[in-house]
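Quick one: structure below, then a few questions.
Just so it is clear, A, B and C label the chains in written order, and each chain counts residues from 1 on its own.
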Amino acid sequence: MKRFAAVLLAALMVFAMAACGGNANQQSSTPGGDAGNSTPGGGNDTPAPAGTVTIKVGGIGPLTGDLAQYGTATEWGAQVAVDEINALNGPVRLEYDFQDDTGVAETGVAAYNTLKDWDVDVIYGTTTTAPCIAVASETFADRYFQLTPSASSPDVTANKDNAFQMCFTDPGQGIAAANYMKDNNLGTKIGVIYNNGDAYSTGIAQAFADKAKELGLDVVATQTFPADTTTDYTVQLSACKDAGADLVFLPIYYTPASLILAQAKQMSYAPVFFGADGMDGMLDMQGFDKSLAEGLMLMTPFNASATDSRTATFVESYKKLSGGVIPNQFAADGYDCMYAIYEACCQIEGVGEMDHSQLCDALIALFTGGTFKVDGLTGTGMTWLQSGEISKAPVVVKVENGAYVNA
Amino acid sequence: MKRTLSKTSINGFINYGIVIAAFLILQLLMAQGMISNTLKSLLVPVCCYIVMAISLNLTVGILGELSLGHAGFMSLGAFSGIVAAMAMQEFSPVPRLIAAILVGSIAGALGGVLVGVPVLRLQGDYLAIVTLAFGEIIRNIIVVLYVGLDQKGIHITTNSAGPALEEGGIMVIKGPMGAVGVPKLASFTAGFVLILITLFVVQNLVNSRAGRAIMALRDNRIAAESVGIHVTKYKLMAFVISAALAGAAGALFGLNYSSTVSSKFGFNTSILILVFVVLGGLGSIRGSIISAALLYILPEMLRGFEFITKARMLIYAVILIAVMLTINNPALKSLLEERDLSLGGLLGKLKNGGRAKKGGAGQ
Amino acid sequence: MSFLSNILTGVSLGSIYAIIALGYTMVYGIAKMLNFAHGDVIMVGAFMCFFATGRYGLPPLVSVLLAVVVCTALGILIEGLAYKPLREAPSLAVLITAIGVSYLLQNGAQLLWGADTKTFTPIVSGSLSLVEGRLNISYVSLLAMACCLVVMVCLTLFTSRTRMGKAMRACSEDKGAAQLMGINVNSTISMTFAIGSALAAVAGVLMCSAYPVLSPTTGSLPGIRAFTAAVFGGIGSIPGAFLGGILLGIIETFAKAYISTDLSDAVVFAVLIIVLLVKPAGLLGKYVPEKV
């Protein structure tokens, strides 16, 4: 009897695995795709007008778990761009799918392989750093072009010619912050509070510390907290206050930062707070008391309340997609990624006949060629370095009356 | 136990058989190109989680102590294994992988001794909380560790500037960034071999004199003590072996991805493995293997249906609850018992409650 | 002075842990199960209050009542659907089911209300200044402590004096014997969950008032911390949960202030382990020797 059960179970297991494969195959034959076509990208059989090439862009980011808010922002931001691009009826159409990685490397690699089964051409993502490094080494080996909206560690692009970033790198931001403080004589004594359990935050803080030392800035207190789910920052703030810091650098995301601002107010501590791009989004949190952020300075490439028509249209479409959420720089970087991919594909000749590795090489050549420039929401004339790092100017803004003004 | 001695050894052979058959079938399918990339990418982690589940079953099902920090041992194994593999750059992949897994299991075992000696005198939920605390301590410590390698050897510091390295030195673990640039040494075959080794170790332990002593402790500690079974010795033996196997699985896992961060091995991963064990049946090795494989693949399978991408984990939760309710349904259980069809252990020991001695809801 | 101010910070943090731990320990004490979904019920409670005050402009007290009603209903529903069928099952099966419920609530909340972080509008704001503003304690913390004390006294009186309370204790001692004495075990345990979930709603509102961010995963970490606090104080013991919560808050704050902010989590858990080694049943828990 037991033996029978065992055979039954073995069969069940194999069946389940086969079923898993089956699903993936099913998915790759979704309508609009070029199923069975051995050269993905050569989608001449799509319903689009003759001569149009379809490029499959596969996105990866956390849609569930603690980091879901960042993943959904990049997902929707890119979706807005894809809808706009496909409405242009240009020479290239984008087909877009986004997979959940829960912010974890192993799930990110699984999500990437799901996209491979879908015959993806270009990888967009991942949103967060740790899975991005893991996925980038896979795409490097498999030869897929990868553009991440927000994974900002230099390790993402290190030793990989195919990985490119839309956001500033962490050390880049730390150095820019130190330079800005020095040039504008922002504070005499500086305190730093960062998340030492997070690669983004630690990366900026380390580069900032090195640069500050070099420039002779007086860093009087460096405090850390272990995770973004930490709730009480009184001790860290007290340490900065007791050390007499009149400028506190917060290279952290906006959720913990909003608590820090509230708790500083409660203990009547009012230095100048200075944040990095992760701080963008705080003003648009549902229910946030904007007076808390008055005087806050941050480096962000994107301003959702800007009045130019492209930003306004983007914000409008994004809100429609997200049910009223106002986009932050994650979403804007995602939007720009899609335009970068689209414009690059438009410039490559014979893009329709290329498989993913040929497309990868062509895109690398274009991105690092020096002539390829993209205008987007987060910068104009954006170019890329050989390393994969983006070159665009950081903009420092200040919060006044609940809105950003250029500082 | 005497009555079932031959039965248990047959059971053990069936387990080897299932694993070998699954491996051969998968290899065959892979050679035919009939396996999707998604499934291919899941093979190594599935092997790791199967080893994790079997090893946790040793603690929870066979020793009868609830552990909520099993991922902590995996973490120790992963990071020490990565350091070992990086330190052996000049060797070829296979010896590097073997050395890394050995180092990982030693690190896991050391962690097991460190935790086991003081805390095994606690029981039930108190032991659970201490293992949870231990898992969190490991996570917190690795987050602030910076490990570098150069000609002179391994340098470890908690200074965020990192250790001073000589020319040509490399950073292996960079605090919260974790280990990056790890070579992908792990393979499905290695995972398969590791499962076989794990099965060999655990099944032989269970069927030995020591294993019977361990199970006697689970079923009735006082009675076991009164016939002269050394409580601490046997508890520690099971706990340390379990931790060593987890360390080995961690090393294999760490060498499968180019980046590994310590937050991966937190409470949620410990819970995930516990779910595999409980769903597979406490004390049932085969149950652990099957449930770890199926449950790990399940959320990835759910990706195939486009309309539920966002609700993937919601559906996973519903399935989890539904399965727990179904296999514990008294009507269904008595039906199965009548027919002596225990679903190959899927229900197996679960019906006995495993920790039958514990009072309260356990009875 | 900084020492005193750290104590106050610790007590404020601890009061939040304590109020969550009370609900945890209540359910554990009676139903003998680790309800890992407790933290997520807290999150649901906070969301109810957030929508009531933020979106529909209800007064704070009404919002809290609404949150309590919804969470109580949710608690009874969860208990009835997921835990009641497992009454005879091993405790680990119930534990896993509770984890399933926790995932369900988190992911359900994310689908319904979105993953973005919301800022909670505190039901009480401001803080009490002492010694010329050098020491501060927020009114929310004072309220939380007052709530803890009231809840503690009420629960103690309830379990020791009332018929229902005595029935609960009987169930926790021996379900079979309680049933033989004519106690309806099922409804008694459902009642426990109702009370535990109502407490979770209050805890959720207080926690989010003290630390005003709210997302679907808000409850999970405080849930674990409160579980730690409950074990620390002696799980099942009502005063123990309060003491454990407050002490955990103070230890955490001191670890950050005097040892290292880098390793504060490790220090907290290390202290927990040491305490459990010295007192294996927690600070106020009773060590029950096993009978042969």
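In the analysis below, a residue touches a chain if its C-beta (ideal position, glycine included) is under 8 Å from a C-beta of that chain, and two chains touch if they have at least 3 such contacts.
Nothing here was measured: the structure is a model prediction, and the numbers come from that model.
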Far-end chain from subunit C, centres as C-alpha averages: A
Chain pair showing more contacts of the two, A-C and B-C: B-C
Whole-Å gap separating subunit B and subunit C, where each centre is the average of the chain's CA atoms: 30
Mean-CA-position distance for subunit C and subunit A (Å): 36
Contacts with 2+ other chains: residues of subunit C: 107, 110, 262, 265
Sites on subunit A at which at least two other chains make contact: 63-64, 196, 226-227
Of all residues in subunit B, the ones touching two or more other chains: 140, 143-144, 310, 313
In the complex with subunit A, residue positions of subunit C that touch it: 2, 5-6, 9, 12-13, 16, 50, 54, 107, 110, 114-121, 127, 133, 136, 138, 207, 210-213, 215-217, 220-222, 252-253, 256-257, 261-262, 264-265
Touching residues (chain side subunit B, partner subunit C) in the complex: 60, 66, 118-119, 121-123, 125-126, 128-130, 132-134, 136-137, 139-141, 143-144, 158, 221-223, 267, 271, 274-275, 278-279, 282, 310-311, 313-314, 316-318, 320-321, 324-325, 328-330, 350, 353-356, 358-362
Contacting residues of subunit A [partner subunit C, same complex]: 63-66, 68-69, 71-72, 196, 223-227, 229, 231-232, 234-236, 238-239, 242, 254-255, 258-259, 262, 266-268, 285-289, 322-323, 325
Parts of subunit B lying in touch with subunit A, wherever the complex brings them together: 10-11, 14, 17-18, 21-22, 25-26, 29, 34-42, 45, 140, 143-144, 160-161, 175-178, 180-181, 184, 253, 256-261, 263-264, 286, 290, 293-294, 297, 300-301, 303-306, 309-310, 312-313, 340-344, 346
Contacting residues of subunit A [partner subunit B, same complex]: 1-3, 5-6, 8-10, 13-14, 16-21, 23-27, 30, 63-64, 98-100, 104-106, 109-114, 116-117, 129-131, 133-134, 136-138, 153, 155, 158-159, 195-199, 201-203, 205-206, 209-210, 226-227
